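Take a look at these structures.
Here chain A shows up in two complexes: once beside chain B, once beside chain C.
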Partner chain A sequence: MNSIILLSVLGLGNLFLGFRRSNRLLLPAAMLMLVVVLGVNFLDWGTSQSFFNDMLVIDNFSVAFTAIVVLTALLLLPFSQKYVQDGEANLAEYYSLLLFSLVGAIMIVAYNHLLMLFLGIETLSIAMYVLAGSEKRSLRSNEAALKYFLMGSFTTGILLFGMALVYGATGTFVLRDISFAVQNPVNASLIPMLYIGMLLMLIGMGFKVSAAPFHFWTPDVYEGTPTFFTAFMSTVVKAAGFAAFLKLLVQAFPAASAQGLWLPTLTAMCALTLLVGNVGAVTQTSAKRMLAYSSVSHAGYLLIGLVAFNGQLEGASANGIFFYSLAYSIATVAAFGVLKLVSDARSREDYNGLNGLAKTNPLLAFVLTVAMLSLAGIPLTGGFFGKFFVFSAAVEKGYIGLVIFAVVMSMVSIYYYLRPIIAMYMRDADDEATATAVPVSGFQSGALLVLALLTVVLGVLPGLLAGIL
Partner chain B sequence: MDQNIPQVIQTVPLQYYVFFAAALFSIGVLGVLTRRNAIIIFMCVELMLNAVNVLLTAFSAYRADANGQIFVFFIMAVAAAEVAVGLAIIVMIYRNLQNTDVNLLNRLKF
Partner chain C sequence: MLTVLLLLWPVAAALLLHFFKGGAARVAAFGAALVELVLAAYAAFAFNPNNAGQFSLNLPWISSAGISFHVGMDGLSLLLVLLTAFLVPIILLAAFRRNFENEGVFYALVLFMETGLIGVFTAQDAFLFYFMWEVALIPIYFLAGVWGGVNRAKVTFKFFLYTIVGSLFMLAGFVYLYFQTGASADGLAAHNSSLAAFYNLNLPAETQMWLFWLIFAAFAVKMPIFPFHTWQPDTYTEAPAPATMLLSGIMLKMGIYGCMRWLLPVVPLGVDRWQNLVLILAVIGIIYGAIIAIRQQDVKRLIAYSSLSHVGLMIAGVFSLTQIGLQGASIQMLAHGVNVVGMFFIADAIERRTGTRTIADLGGLTRQAPVLTVCFLVLLLGTVALPLTNGFVGEFLLLEGVFEYNAWMGAVAGVTIILGAVYLLRMFQRVMLGPDSSFTATFTDLTGAELALLVPLLVLVFWIGLFPNTFLQLSEGSVLNILSEVVKR
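Right after this comes the complex of A and B.
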């Protein structure tokens, strides 16, 4: 709760900093704010408090996912330094919108009442609609903003209709009470309405976390959005979305009768997402669009964690999702960070734009390699143990076929994750732009090293964070 | 008026509200999927949200539970915020393209 209050107040404070003529204070101030929020967040560890008549519940689960989203945002911020150097006029607003959308992310990992889920998703999304369109003169950014906005509000409509039907059938918005009403139905004629509502909510959440067949907006939106905000979208929004999804299933629909309906649906969505994400990424020529498809495929791996449902916010399923989200967020921030630096300097986002990077910027090439290996799930990186925990949770529940399919799909993913590495290490610069070094500030080098280090630490000592929930 | 509002709402059977809201919602969904003008798509989304509002109000009145109607206030407030952002995005696009047809937006390919 402290982190929500702090982020809202600091976000407003940040807007006032924007009145100053100079941009230089904004980045350090925003980072300092996030460090403070991260520290304050851990004060709630080990407690279980509820706020606003049980609408929000802060427990270990919400603290852990809040830590992921705040840490991700913190490590991402250094890559916005180009905006500071270019004297971007609206930088204070960008940072404030990021802080406000983090408030939304925290609300949806801590909700206990569907109203908070709705408000959190909207707080998160409305800020992202604006940021997606932040390059006002670029038609690609305009298009991404419009698509994201129309899809997002359409999805919200579906989610809300689901909530309304569930409310009609159960008479409550509180997760535990919904679960009770599902298990002890008062009026048998309302049961179809309950399940239709549940499926509509499932579809709504599927859109939000970009699971196939509701993923089609993702590649376009991620490609058109300015890279810095794409990174935020594909990490913070996804991690928080999956935490909210897990919480919804665990606390509102754990009943066997409800599971009989959503578990097969989710399993099918999971297999389809893995297929579409991985096969879609293979054919891309733009590294940014490849990362967009890769984020769809990672939604598939996270869905395996949901399918391995054990009815509580702890144990193999929740821990798998936590570890996977953390490893995925860190690797994705590193990948988008390098891509942002390279595309700012070379004005291109395809694989060939990375040619010869190992010679001109060994550090960038090394960090991008670590990130790609982690996303592909190669041992000694965080991504390997993320996949390991999620898969073993699913095997325990007997989903052998699904896990074999996922392993085959992650072999496919090695193909497209190796393409940037080949471009960087084995190809020579093909023109003047790729022969010159990409400018990297000391600050950004530091952030990149921290990201690479975290990925390796998670891969070598997974015991530090495995099983903390 | 000597009757209070929940009683007035209850003079119509509950399933009529459900069918009405489902019809409104379906019209909204069809509109989003078939129309090509960004503003009309946007109006269809609003129609979907209002279908939800009708449904929540009816359930709330029938169950004598205020939660549903309070939810409606939040939906209206958030929808207003969404309208502000959405129209700003559409105006931004109109400035660049002099049009709001979503088919013209094809820089990003599947």
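Right after this comes the complex of A and C.
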């Protein structure tokens, strides 16, 4: 709770800082705020408190996922340095919007009431709609914002409709009470309404985390959005979205009768997402678009964690999702961070724009390599243990066929994750732009090193965080 | 504790290497590899051949899942750790000749890989084994991919994909086995992944039948066994010489070692079911590799195919499931490692001087380079398995093992020696004897440093050949243990 209050206040404070007409202070101030929030967040570890008549519940689960989203945002901020250097007029607004959307993210990992879920998703999304269109003079950015906004509001409608139906059938918005009502239906004729409501909510959440077949907005929006905000979208929104999704299933619909409906649906969505994400990524020529499809495919791996449902916010399923989200977020921030630096300097986002990077910027090449290996799930990186935990949770539940399919799909993914590595290390610069070094500030180098280090630490000492929930 | 030191030292040295520039990096890397060799030699000295699981350390790694960082050595592990620690300094010395771009990074990757290799040979936990298996793969991918020949991107990509797909199957097999085990020793997790737990599983024969292929997939690609070998000749040819030495000298032993430690005793009934098929594939590989080798025009490619042929015999020996076959495989792993690294070094020395590897372009080296010729001949005869050399001991034991299993297969596999003599001596004749070519007219003999690099290898050729018991007694206990696990069920 403290982190929500703190973030809201600091976000406002940041807006006021913007009046100073000097951008220099903004970045350090925003980062300092996030460090403070991260520290304050951990104070709630081990406690379980509820607020506003049980509308929000802060427990280990919410603290853990809050830590992921805040840490991700913190590690991402250094890559906005170019905005500072360019004297971007709206920087204070950008940062404030990011902080506000973090508030939304924290709300949806801590909600206990569907209204909070709705408010959280809206707080998170509205900030993102604006940021997607922040490059006002770029046609693609505008297109992305419009697409994201239309799709987002459409799915929010579906989600809201689902909530309304569930409310109509159960008479409550509180998760535990819904669960009780599902198991002890008062009026049998309302049961179809309940399940239709549940499925609509499932679809709504599927849209938010870009699970197939509701993923089609993702590649265009991710590609058009300025890279810095794409990174935020594909990490914070996804991690928080999955935490909310898990919470919804665990606390509102754990009943066997409900599971009989949503589990096959999710399993099918999961397999489809894996297929669409991975096969889609293979055919891309732009690294950024590849990362967009890769983000869809990772939604598929995370869905495996949901399918390995054990009816608790702890144990193999929740821990798998937690570890996976963390490893995925860190690697994705690193990948987008490098991509942003390279595309700012070389103004291209295709694989060939990375040619010869190992010679001109060994550090960038190294960090992007670590990130790619992590996303591909190769050992020594956090991504491997993320996949390992999620897959073994599913094997334990007997989903061997699904896991085999996922493993085959991650073999496919190696193909496209190796392409940037091949471009950087095994191809030479093909024009003047790729022959010159990409300018990287010491600050950004430090952030990149931290990201690579975190990925490797997660990959070597997973015991530090495995099973903490 | 010593094992952990052996594991940590190379990776620590690789990280520290970052602080050395240019020439200093060479010296530092070589020094670090020598320290590792001393450590390994000390381990061999302190080793008691009668005990299994020495120098072991067992720490919780992912305690919530019952996965532990458990390393230790028995005789078989020790032999391969010694081989690794012995070959790495030689491979580093060979790399000095090449003056690679960014050489510090190159040496760091070699040292990093050493950690992975030693980890594979000492891991006592299935997931640690898999982890180390991939830790060894990543550096070699970059070594071959960044410093390799013209087609490196394509070739190393194929190599990486093949090996990683194979090892993912192995991982899937391990995960399945893991869920069949009982609670971990500390009681914190419902399952555990220790080697001992895997040995104690009594799975039904039908399960073991398919589990066998999951686990074997990784080893089959790595060794490689026919028909999973298609990545090998290209990768050996395109990779820079030191990387080829790492691949052929040490890395393919990971596959054979894996079969002995993680396949035979874990799924004995599966092995029983498929033993015949694997032996047939191995024998096909022996003949196939040899016949292709005869047709090769490129020295490096020829050695690559000859390696394929020799590995086939080692696989056949392992799958004969006889003590003599397994012992033969243990000692042949050393012999092959020594010989193939030496051969690739000489091929590289010739290429550096003449700029070509094509047999037709070479000739008459004996006159300009008598020392090189003698070294080459010794290594060649070791590979051909002439008595008194290391190859003879290994191949003799292996063939005897295969004979014990099936005399016909033994007879066919025995052809390897004859065919080996055909292609290797033919190459020797064309490269070393005969008239000079325009490429070889100004050939210079081995320098003192190059000779110093080859001498330890030559010594081992005869040492293993004359006193094989030094090494055989080390692995005997482990081989008997493995076989007792196999026949227990």
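Note that the second predicted complex is superposed on the first by the 469 of 469 C-alpha atoms of A that agree within 3 Å, B and C clash if a C-alpha of one lies under 4 Å from a C-alpha of the other, contacts with A are read in each partner's own complex, and residues count from 1 in each chain.
Here is the rule we go by: a contact is a pair of C-beta atoms (placed from the backbone, for glycine too) under 8 Å apart; a residue touches a chain by one contact, two chains touch by 3 or more.
If you're wondering where the values come from, they're calculated on a predicted model, not measured in any experiment.
Engineer: Which partner chains sit in contact with A:122 here, chain B, chain C, both or neither? Use first/second/both/neither.
Structural biologist: Touch partner of A:122: chain B, not chain C.
Engineer: Is A:431 touching the first partner chain B, the second partner chain C, both, or neither of them?
Structural biologist: A:431 contacts neither chain B nor chain C.
Engineer: Touching A:133 in the superposition: chain B (first), chain C (second), both, neither?
Structural biologist: First partner only, chain B.
Engineer: For A:86, using the defined touch cut-off, is the partner it touches chain B, chain C, both, or neither? Pick first, second, both or neither.
Structural biologist: neither
Engineer: Going by the contact rule set out at the top, does A:161 touch chain B (first), chain C (second), both, or neither?
Structural biologist: first
Engineer: Is the number of chain A residues in contact higher for chain B or for chain C?
Structural biologist: B
Engineer: Give the list of chain C residues in touch with chain A in this complex.
Structural biologist: Interface residues on chain C, with respect to chain A: 60-65, 127, 130-131, 134-135, 138, 142, 145-146, 152-153, 156-157, 160-161, 164-165, 168, 172, 175-176, 178-179.
Engineer: Spell out the residues on chain A that touch chain B in their complex, using ranges where they run on.
Structural biologist: Where chain A meets chain B, its residues are 114-115, 118-119, 122, 126, 129-130, 133, 136-137, 139-140, 142-147, 149-150, 153-154, 156-158, 160-161, 163-165, 167-168, 171-173, 193, 216, 219-220, 223-224.
Engineer: Using the touch definition from the top, list the residues of chain B that touch chain A in their complex.
Structural biologist: 18, 21, 25, 28-29, 32, 38, 41-42, 45, 48-49, 51-52, 55-56, 59, 63, 65, 67-68, 70-71, 74-75, 78, 81-82, 85-86, 88-90, 92-93, 96-97, 102, 105-110
Engineer: Of all residues in chain A, which touch chain C in the complex?
Structural biologist: Listed in rising order, the residues of chain A that touch chain C are 319, 358, 373, 378-380, 384-385, 388-389, 391-392, 395-396, 400, 403-404, 407, 410-411, 414-415, 418, 422, 425-427, 461-463, 466-467.
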